[in-house]
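Labels for the chains are A, B, C and D, by order of writing; each one numbers its residues from 1.
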Amino acid sequence: MGILEIKNVNKRFGGLQALGNVNLSVAENTVHAIIGPNGAGKSTLLNCLVGKLIPDTGSVMFDGQSVLGRAPYEINQMGISRVFQTPEIFGDLTVMENMLIPCFAKRDGSFEMNALASMSKQRDIMEKAEQMLVDMNMADKRHMHAASMSRGDKRRLEIGMCLSQEPRLLLLDEPTAGMARADTNNTIDLLKQISAERDITIAIIEHDMHVVFSLAQRITVLAQGTPLVEDTPEKIKGHPKVREAYLGESA
Amino acid sequence: MSKYDVTRRGVLRTGAIAGAGFALPTYLRAQESGYLNAPTGSTVTLGFNVPQTGPYADEGADELRAFELAVEHLNGEGDGGMLNTFSSKSLSGSGILGKKVEFVTGDTQTKSDAARASAKSMIEKDGAIMISGGSSSGVAVAVQGLCQEAGVIFMAGLTHSNDTTGKDKKANGFRHFFNAYMSAAALAPVLKNLYGDDRRAYHLTADYTWGWTQQESIAAATEAMGWETVNNVLTPLASTDFSSYIAPVLNSGADVLVLNHYGGNMVNSLTNAVQFGLREKQANGKNFEIVVPLYSELMAKGAGKNIAGIVGSQNWDWKLENEMGDKYAGTNAFVKSFGEKYGFPPSQAAQTCYAQTLLYADAAERAGTFNPCAIVEALEGYEFDGLGNGPTSYRAEDHQCFKDVVVVKGAADPEDEFNLVEIVEVTPVEQVTYEPDHPMFAGGELGQCNPGA
Amino acid sequence: MLGLTPKDTTLLIIVAILTLFAPFILNPFPTDSAMAQFNAGYPDLMQRFVIFGIFAIGFNILFGLTGYLSFGHAAFLGVGSYSAVWMMKLLTMNVIPAIVLSVIVAGLFSVVIGYISLRRSGIYFSILTLAFAQMSYNLAYSVLTPVTNGETGLQIALDDPRILDGANAPQYPNLFGTEMNDAVTMTLGPWAFTFSVGYYVCAIIMMLAFYLSIRIFRSPFGMMLRAVKSNQQRMNYTGLNTRPYTLAAFVISGMYAGLAGGLMASMDPLAGAERMQWTASGEVVLMTILGGAGTLIGPVVGAGFIKYFENIFSKINDSILHQWFSFMPEGLEDLLVFLVHPFIGKGWHLTLGLLFMLVVIFLPGGLVEGGQRLSKMFRRKAKTSDEKTDGKTSPAE
Amino acid sequence: MDAIILQLLNGLDKGSAYALIALGLTLIFGTLGVVNFAHGAIFMIGAFCAVTLSKLFNLSHKSSEPSGTDFLGNPKYEDILYVKDWFGESFGAWMIDWSVPLAVIFAIPIMVGLGFLMERGLIKHFYKRPHADQILVTFGLAIVLQEIIKYFYGANPIPTTAPEAFRGSFDFGVLLGFDQNAIIYPYWRLVYFGFSALIIGAVFAFLQFTTFGMVVRAGMADRETVGLLGININRRFTIMFGIAAAVAGLAGVMYAPINSPNYHMGMDFLVLSFVVVVVGGMGSLPGAVLAGFLLGILESFASMNEVKNVLPGIDQIIIYLVAIIILLTRPRGLMGRRGVMEE
């Protein structure tokens, strides 16, 4: 029984079958990659997991509870954090504030009326955010405007923000898209480290095979909205169906 | 009362500091005189609060011209205007009580709030002892209330609602302009003569206090002479296009349309009504007619040719003395000095503001003080003549002027833009007089005059 | 101090000093001089400065922090005024119950409007709030006249019941017997300074309101509101429900507006429907943007700026101009009067419109940015070496 | 029944005015992404083009012989119109009579020029600024424009008449078999309706069938991509601003005889036109037109006595009520696109 269980999920957009009978299980504390050519339904699947889309049929269970019909913030509070393809951070806020917000969300839940609370009195949260900045290696940037950072730093910040919520499942949507090689490698190292040090399940959607094969413990290949194969990276590499799907696309 | 105590308590404490102080500003010494803003220097300040922005800005500008002219005449400049014809001879052209008249101006924006803010600043900052002007009843009532609270005299400008001297009357407030009841009483007999006593009227009424009181007055007066009121439709103040209200009129069985609108509303509703060709139509075998109970020169200008032949009432018209005789003496004197200064004849708003200023000055002169309570006393029940409206009286019970009402009609082929309306008849004062406790004016108390100290 | 950072404390103290000494600061010219026209230190205008300051501070909590642009905030001000006047008609002329009721009623009203309007965002939200406010205005002017007294506005009358007031109670708004209109005038040579009770009541309440707004700005809640403005998507995916946050901000700013309305009615017991018109809502938007949206002090500056123009520039007329320029030769005097004439008196709208354009074009951050630029320029001249990027901790000041 | 047909007709007529103003506003918003609060002022200036032309035609010189006395008793000289001097008595009279339709020709270059001037001189610098700044600066501009008009023309409405041939009203009732006078409608309003339909049709045809229009439509959908194609989208957008100004201006010209123009008529229409645009959906041209007609018709029906008796004051709030209901049921108005002006 995995931490995330997707059963018989179907989703149509008008005449287009975006997802067809998707069954997928992600085991706890593993790194699970979902790959597939463009239009394979990866993003649709991801959106179904976080509450942005509701599948037509099927069920999505996280830790034994259904996530369907819940708002994104409720799903997040259940323990699922999401990293976006282009980093979604609070650009107008400082790096420190960016880190504080998820800490508050973890401690106080989805809404807390603390309009007169003093920030400096929130010791526990300040310390936690500070620690996370150190962990993410960006303590020196704490007063910077988040929007003015490099893309790699933004990505790191976003991952840090997700981690400070202590999620049980971290969803990453092409985390290295558009990154330079060096930044990509840094991100891979960071994710490896996270996976090794923390009690966390990581599900990653990725195009870049280099990233996938350096990180994943299991890989699901999606094509035309349906899982093609699911296996370990070694086996996937030589799988004929996968080659077909990818070659077919590149041709 | 301890209202606007700027002074009484003020000086107790400032006494110590006053050693250093000299040349006390003129308006800070009420406690000695017993009233607010008592002028101590060689000048006295009047506050003219008129709409300078918004749709009534032109009317406000005309009022302001009249005020300036009145101040000139009071100070002995110019040709003296109506001072020469005014029945009271106490004003000599040397200001008021020997003090030169100065004035401050403000913008009411035709909003109660803004008008009060502006009046307050004149009272508090400039030390105005009297406030005058305005171009709508809402503003008049609001400012009148303020002046009562503050303790200065309010000489209303153009305000036509019954409420100003009805349920909202105040001891410190005085209205020279006529009201909706008088319009109705003056119009009814003329309408009967022109259109007969078997008419069915359809009212379009601006949906706010003034509109309602006017509609009520006109309906009552016309029904009394046999007309039937088919319908009364309230139109939003913010309307600019009245077509959807005009369209059903012709098919409603009515043969007269009464437009209880003023200003921009009136210009547009009348223009729309004429557009629909109502005036060329027949209903119930009679010519379809339109009535606009309250007329003004500026509205006539705005509506242009559409007003031809349409009947309404006015407080005053600049042709009054020429056409109706010496009874209305003062008119020509005023038209002459106004016309020579500004190049066109004055509007009724200008005349009422000019007359109000003179009446205030005269009352102060006769009372021998600027104390509002003495002025109230001097004005209550005061009968005068020579200000262009014929013999007039300020009734003590409600501070309303009673005088003849002019019934006018849009000229079919005006010779110039100053002759857009022609006088049909002047309804004598007896016909428009009502009891102070008339139901349309009931409710409200005049209260006590407030000198503000 | 008071749970504020030293920087904020300094700001609060400066504001407190400016407010307390406003009667001096706003009356710099001797009463008899020609420049006395520009004095703004009379009670009514000073009260307006602080009351509209409160209104704008509250509006800024919504707009400056969350970025939700409400075009209907005047409705809350109007509702506050009506409730305050009704309180004074029915219960007592003491201003405390009136102000408390106006805040409560405006709060309730804003819960309803906010709950509905916040289902949409961006311009759709703006139009929803505008629609609610315009409906309130139109109805208050016409159908609701029994409650609002329509065109004239709701006033107090001698025959109002006022069940808590005895026979000898003051007939005007008061604070436990001290009337709002009482004032002390101090004359110093040719200068005169008026200290009115009403102004100081307003001023103290404004300082409280300002202090609260600093606390809100600096609180975790305030940070969440800025986060809403910055990235709602990230908010949602961080487990935060934006709706209650925005609604809370909306209600808080609605209550500020109600407070302003209640105070306005307490200073001058009249509540007019025009207070709710879209132009009045637009005015507070202009105040906030003009002063600097999202800054603490900006809205107050903007409010003062606009009210000053409305009350001072509209009162300048040609004869005053002639007085000013009377020292010049006749022809030049007339020419100057002719040139200045379109911008004063009835032309004050034109001046205001031009100023809006100039400020927005050249000072995108509002007047506060202008001030910052100026002070930076001076500081740079004073000590060029002391340039640090330290001031970046928070953009909101 | 006849009352319903009458109000439907009236609603279409009102709606055509709303649609026309909203169309211009949407053109500017959709192409340039600018919220233009000065749009109402452009409409107003259009109406004043009609006023100005009629004033120009009425320019006169004094006759040499006095023809009476004026109100002060001074000799008065008759006004002799220049147009009659120059073009002859009858043609001069025709010109004055037809000054409003003639003003359409007069207004096009003026309005397009004004549009260019506004876009190049001011709006251009605000493309990248927040909407709040755009609102403030265009609002300031609107105030300045209307105050300028007020300075020269006064605050009072100025009567402007339709040509003699279009005065009076047309009796539809007889046509449809109702009683005489049951359904009458003024000729000029019918002309206005036709004119609006023509302009709306022309704008759509222009965008649909010309390459210029295609590029602009593509730019409305995705500005960056079109920019990448190497097309100078900025110049086209300037032209679009001119066109939008002309549309609003012409709406104003033709509106002049319906209600006497005054300097604040733009502000009166501003809020309303924004409501129309938003109800239609930001950035959607068909939405703007649809919403214009919808609100016009609903407003007309709300002013019927039968309706007002049931719901007093409904005509005061109908527009806003409809806006609220539509926005709550359809998040982006009738035909709005996702993501436009939602942040």
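Definition applied: a contact is a pair of C-beta atoms (placed from the backbone, for glycine too) under 8 Å apart; a residue touches a chain by one contact, two chains touch by 3 or more.
Everything numeric here is computed off the predicted structure, so don't read it as measured data.
Listed by label, the chains touching chain B and chain C alike are D.
Taking the mean of all protein C-alpha atoms as the reference point, the chain centroid lying nearest to it belongs to C. Taking the mean of C-alpha positions as each chain's centre, the chain lying farthest from the centre of chain D is A. By the count of C-beta pairs in contact, the leading chain pair is B-C.
Averaging C-alpha coordinates per chain places the centre of chain B 36 Å away from that of chain D.
Rounded to whole angstrom, the centroid-to-centroid distance between chain A and chain D, based on C-alpha atoms, equals 52 Å. Centroid to centroid, with C-alpha atoms defining each point, chain A and chain B lie 74 Å apart. Chain C has residues 138, 141-143, 349 in contact with two or more other chains.
Shared interface positions of chain D, i.e. residues touching 2 or more other chains, are given as 313, 316.
Chain A has no residue in contact with two or more other chains. The full set of touching chain pairs reads A-C, B-C, B-D, C-D. Those residues of chain C lying in contact with chain D across their complex are 63, 67, 69, 116, 119-124, 127-128, 130-132, 134-135, 138-139, 141-143, 278, 282, 285-286, 289-290, 293, 342, 347, 349-350, 352-357, 360-361, 364. Looking at the complex, you find that chain D touches chain B at residues 2-3, 6-7, 10-11, 13-14, 17, 68, 70-72, 76, 150, 154-161, 167-169, 179, 181-186, 188-189, 257-260, 262, 264-265, 268-269, 299-300, 303-305, 308, 313, 315-316. Chain contact summary for the complex, chain C toward chain B: residues 31-32, 39, 42-45, 48, 138, 141-143, 145, 149-153, 155, 157-159, 170-172, 179, 181-190, 192, 194, 268-270, 272, 274-275, 310-311, 314-315, 317, 319, 345-346, 348-349. Partner chain C is touched in their complex by these residues of chain A: 50, 71-74, 76-77, 81-82, 84, 88-94, 97, 100-102, 104-106, 109-119, 122, 143-145, 161, 165.
The touching residues of chain B, counted against chain C in their complex, run 1-7, 9-11, 13-14, 17-18, 20-25, 28, 52-53, 57, 60-61, 64, 68, 104-107, 111-114, 116-118, 120-122, 124-125, 136-138, 141-142, 145-146, 149, 163, 168, 207-210, 234, 236-238, 444-445, 447.
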